[in-house]
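In order of appearance the chains are A, B and C, and numbering begins at 1 in each one.
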Amino acid sequence: MNRTFSIGGVHPHDCKISRDCAIQPMPLPQTVYISVAQHIGAPAKPIVAVGDKVKVGQPVAEPGGFVSAYIHSSVSGTVKAIAPRADLAGNKQLCIEIAVEGDEWMEGIDTSDTLRTDFPDDNKEIIEKIRRGGVVGLGGATFPTHVKLSPPPGKVCEMLIINGCECEPYLTSDFRTLLEKGQQVVIGTAILKQALGVDKATIAIEENKPEAIEHINQVLTQMRKVSSKYTGITVMSLRKRYPQGGEKQLIDAVMHRQVKSGGLPIDVGAVVQNVATALAVYDAVQKNKPIVDNSITVTGECFPKQANLLVRVGTPLRAIIDYLGGMPADAVKVISGGPMMGKAISNLDAATVKGTSALLFLTEKQTRRKPESNCIRCGRCADACPMGLEPFLLNRLALNGRTDELEQNAVQDCIECGCCLYSCPACIPLLDHIRQAKAQVMGILRARAAAAKAAAGK
Amino acid sequence: MNKLLVSPSPHIHADVSTRSLMRDVVIALMPALLVSVVFYGWKELLVIGVSVASCVLLEYLITRFMLKKPSTIGDFSAVVTGILLALNLPATTPWWVVLIGAVFAIGVAKMTFGGLGQNVFNPAIAGRVFLLVSFPTYMTHWEMPQGLFGADAVTGATPLGQVKEGLLQGSTLSQILDVDYLQMLLTNIGGSAGELSAVALLAGFIYLLCRRVIKPHITLSIWVTVALVSLVFWLVNPERFTDPLFNLLTGGMILGSCFMATDYVTSPMSVMGGIVYGIGIGFITLMIRYFGSYPEGMSFAILIMNAVVPLLNRAFHQKKYGRA
Amino acid sequence: MSQTIIWTITIITLLGLLLAVILWFIAEKFKVVEDPRIDEVEKVMPGANCGGCGFAGCRAFADSAVKAPNLDNHYCPVGGNDVMQKVAAILGHEVKAKAPAVAVVRCNGACSVRPVVNDYDGALSCKVKAALYSGDTGCAYGCLGCGDCVAACQFGALSMDPETGLPVVDEAKCTACGACTKACPKGIIEIRPKGPRGMRMFVSCMNKDHGPAVKKACANACIGCSICEKTCTHGAVVVENNVAYIDAAKCKLCRECEAFCPTGAIHAVNFPKPLDKDAVKARVNERKKKAAEAAAAAQAEPKKEETV
């Protein structure tokens, strides 16, 4: 029996209907809208002006702080505007609008397919290249990668975990990446491993992707012959269970260690990076190619043309949908990401960002919420919660605004995976309220920490 | 194009609802119902019919005309209460006594607390105990199973009733009892419909476990407690105290531990709480059987432990990730 | 028989006395010495425990008020000036009278004028909805219609109008405690002075987008055209971030801005007569004409002198 995490979890249907679609590049759109807030942390600051000519891979915005990232032009053309634009939730974000003219890349970017297996020994150089490449965690949180590679002093990393679980139903872009760019992912892993100074790296893949597991094992045997830098990397097959791809759950599954509440993975000696991030690291370090495109799964039972597309960052969602034959008549919900944690899109004129991993189309029957009824206290939400919380209790406390008790019952540990709402037979919108309560309690905790810091400063 | 649907995540839902869970419980109770109808005949059918019909009708009337809310009978919880109440009553119970039991179960024990999910006490047991206290003659008038087309009814006592009666008269257990355990397991114990066949009830219980409707910890905890505690007493004085197997197979033990104590609403949420709850039920049941004036104590034990559930929920929590 | 009765009575009496003594000792031992004025102040408070004053409840307010050197930071919006006078009398402080206030809803994007562009399917809570996205209409600033404010109001002063989908304030019940302003994630509810005989004017819109976009989203919205600002002779209307705001302290209730507002975003309530827009427009235009003539004359006059 394969390993998995120890608390909670659910088993949604796989629905990986696009698993056999090879990754194909999408033709360039006419205009791209590149948001300056594509990562967690401070938004980037634009360094181009309206009317400037830019090339593919040219930086258009620089980090706005330590936890921030470079943003590059994903096309060549003219900057038309730098103005707020509605994102997929209808909220205004500063965007750089670039009209596409041809496809001219920056000098120094290797656009060929040749595999480069040897990488520099200097870690500083590697981290700087990753920073310059605007690499962020592509597993969903979009946390700047170079920050994660600089562990705080005193903390030692023991294992690098490459997250290839893709535990969300429908998504297949990581699976396709593992199959088609397995060598690049492995090289990226080796680079990350060296930069972190760890001996061990584990590529964790769920057992429902046997082809990927086999392929990566083959690649590893091959690469170990090339250089000693590739020793210490192993593949681990994990039991299929959602939310295995959650950072804390994955560490529990792979290392049997649990990150303390409020702590970081590095506290238990782990750093987790996504498969797509490993590929981006390879591109940035070996090819000088920053993140200008990412692979996006376009899927859903009602969507006629399943695809895994390589899409330039900032492509309008509507352009992707039109390219694949337009909006299906019976689709009512379009989701950016998977069905468990993805965001429902209210504005199809929004553009993709680095972290966009999928466009999922669901029908009324698949996604419409059923009317809420009384809690029957079956405890299914508590059984499903991978953090061991009691959603029924948190929901009740949240509705009554009892912040003290919410904090005692660890609402701040919630990872918003959606298992509680998914498994509730009474269809109570548990997570909706718990998410609000979590935000409120996190605010209180931050204020308290700030006050404590100020008091210590005096 | 349609208007886009927007909601917070998650966007899909497991194929489970209150209705589907309750339907599974009804399915699980079917073997026991069938056996009871076959053995007790049309009288039992009448009891079941009146019980289910009055429970459903009452819930409908109360939600629609007293609470002025949409009716909740579609979730089948009233059907479950009706069946459980029927299984707790002797087949000879007059229809109007069944009706009063249903009124108490649904009207008092369930709806006054706010309907499904809000009640503190298991409605079916509350109904049964209300009848037991109010109409003891009807509730202790047992008829030996005669079959659907059987001859004239023969009245008799339940094994537990025989024990209590005999001990009060100063006899010893070996003089009173002559039980065949295999027969007890299969059918033919005098008693209420739900006490009839342990096998039919266990089949339903296994169905619920397979469908993952309930978890086994509460039931197992009751069984282990009953077995261990009665073993101790039995070893001390086998002429005064009944043996573990007898205690596990008689009375409402199987029905109570598999279907009543595991009721979602009135049992603790955490596994640890459930185990403590089960220990309490098992212990109290045995104490009533051994020392109380009633021959059977399962219903009282469950009701008493129902009252403790809020405290157990407070005391026992899930194991949290990353917290000691 | 009689002995049993006597014994029973004796034992019960003794037991009662014994327990009374124990209770008295316990009460003495755990007595909390408290300023008696706290109780007095609490007695005159409304007792709603709404938190509108910024304290946890009426007792917390009383406790703090008794300890405070003056009542500058203590004001009970529910009880208003009457209650504050009583509190001041108990504590021997001065208290300044505050103008009575009321909650106003600064959104008039009714369902009929603000088309719904997507279908919200989450929990019926404005907070949840606001955290998720900009809302199910084209306007990212307006009322979300889930009624968080109604739920927050302890005085039953708010209700959702099923026709417009907007909250309605019952002025008679509103105590201006401010619970609704905190509950609204869009911040569209404002506590404003009630005004003379309840007459007041306000801009019922908060949309900060540019005119054309606003117009597309909602027919009743303030489009930031600044006509009101130019019309106002008291300097009470200011347009900032594409949305007008009327300063209640400066407003003279002349209703001229209301007459000129092209979208009807300026609301005037509790005025005895409906506004005769044409008459006001004529009056203002006349005044402007005169002013223009006067200006022209003023400009012309020096010239005359020159010619003379």
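The rule is simple: a contact is a pair of C-beta atoms (placed from the backbone, for glycine too) under 8 Å apart; a residue touches a chain by one contact, two chains touch by 3 or more.
It should be emphasised that the depicted structure is a prediction, and the values quoted were computed from it without experimental measurement.
Enquirer: Compute the centre of every chain as the mean of its C-alpha atoms, then state which one is farthest from the centre of subunit A.
Expert: B
Enquirer: Between A-C and B-C, which chain pair shares more contacting C-beta pairs?
Expert: A-C
Enquirer: Report the inter-centroid distance (CA atoms only) between subunit A and subunit B in whole Å.
Expert: 49
Enquirer: Taking the mean of the CA coordinates per chain, how far is subunit A from subunit C in Å?
Expert: 43
Enquirer: Averaging over Cα atoms per chain, report the distance between subunit B and subunit C in Å.
Expert: Each chain reduced to its C-alpha mean, subunit B and subunit C end up 55 Å apart.
Enquirer: Residues of subunit A that touch two or more other chains: which are they?
Expert: Residue numbers touching two or more other chains: 332, 344, 346, 367-369, 429, 432, 435.
Enquirer: Going through subunit B residue by residue, note those that touch at least 2 other chains and give them in order.
Expert: 3-8
Enquirer: Can you pull out the residues of subunit C that are in contact with at least two other chains?
Expert: Only 117-119, 121-123, 128, 131-133, 136 qualify.
Enquirer: Show me the residue ranges of subunit B that touch subunit A in the complex, using the header's touch definition.
Expert: The touching residues are 1-14, 16-18, 20-21, 72, 75, 77, 114-118, 264-265, 267, 269-270, 317-323.
Enquirer: Give the list of subunit C residues in touch with subunit A in this complex.
Expert: For this pair, the touching residues of subunit C are 117-119, 121-123, 125, 127-128, 131-136, 140.
Enquirer: Touching residues of subunit A toward subunit B in the complex: what are they?
Expert: 7, 10, 12, 169, 248, 252, 258-261, 263, 327, 331-335, 339-346, 348, 360, 362, 364, 366-370, 373-380, 382, 385-390, 392, 409-410, 413, 416, 418, 421-423, 425-427, 429, 431-432, 435
Enquirer: Write out the stretch or stretches of subunit B touching subunit C in their complex.
Expert: Residues 3-8.
Enquirer: Per the contact definition, I'd like the list of subunit A residues that touch subunit C in the complex.
Expert: For this pair, the touching residues of subunit A are 86, 89-92, 332, 344, 346, 367-369, 429, 432-433, 435-436, 439.
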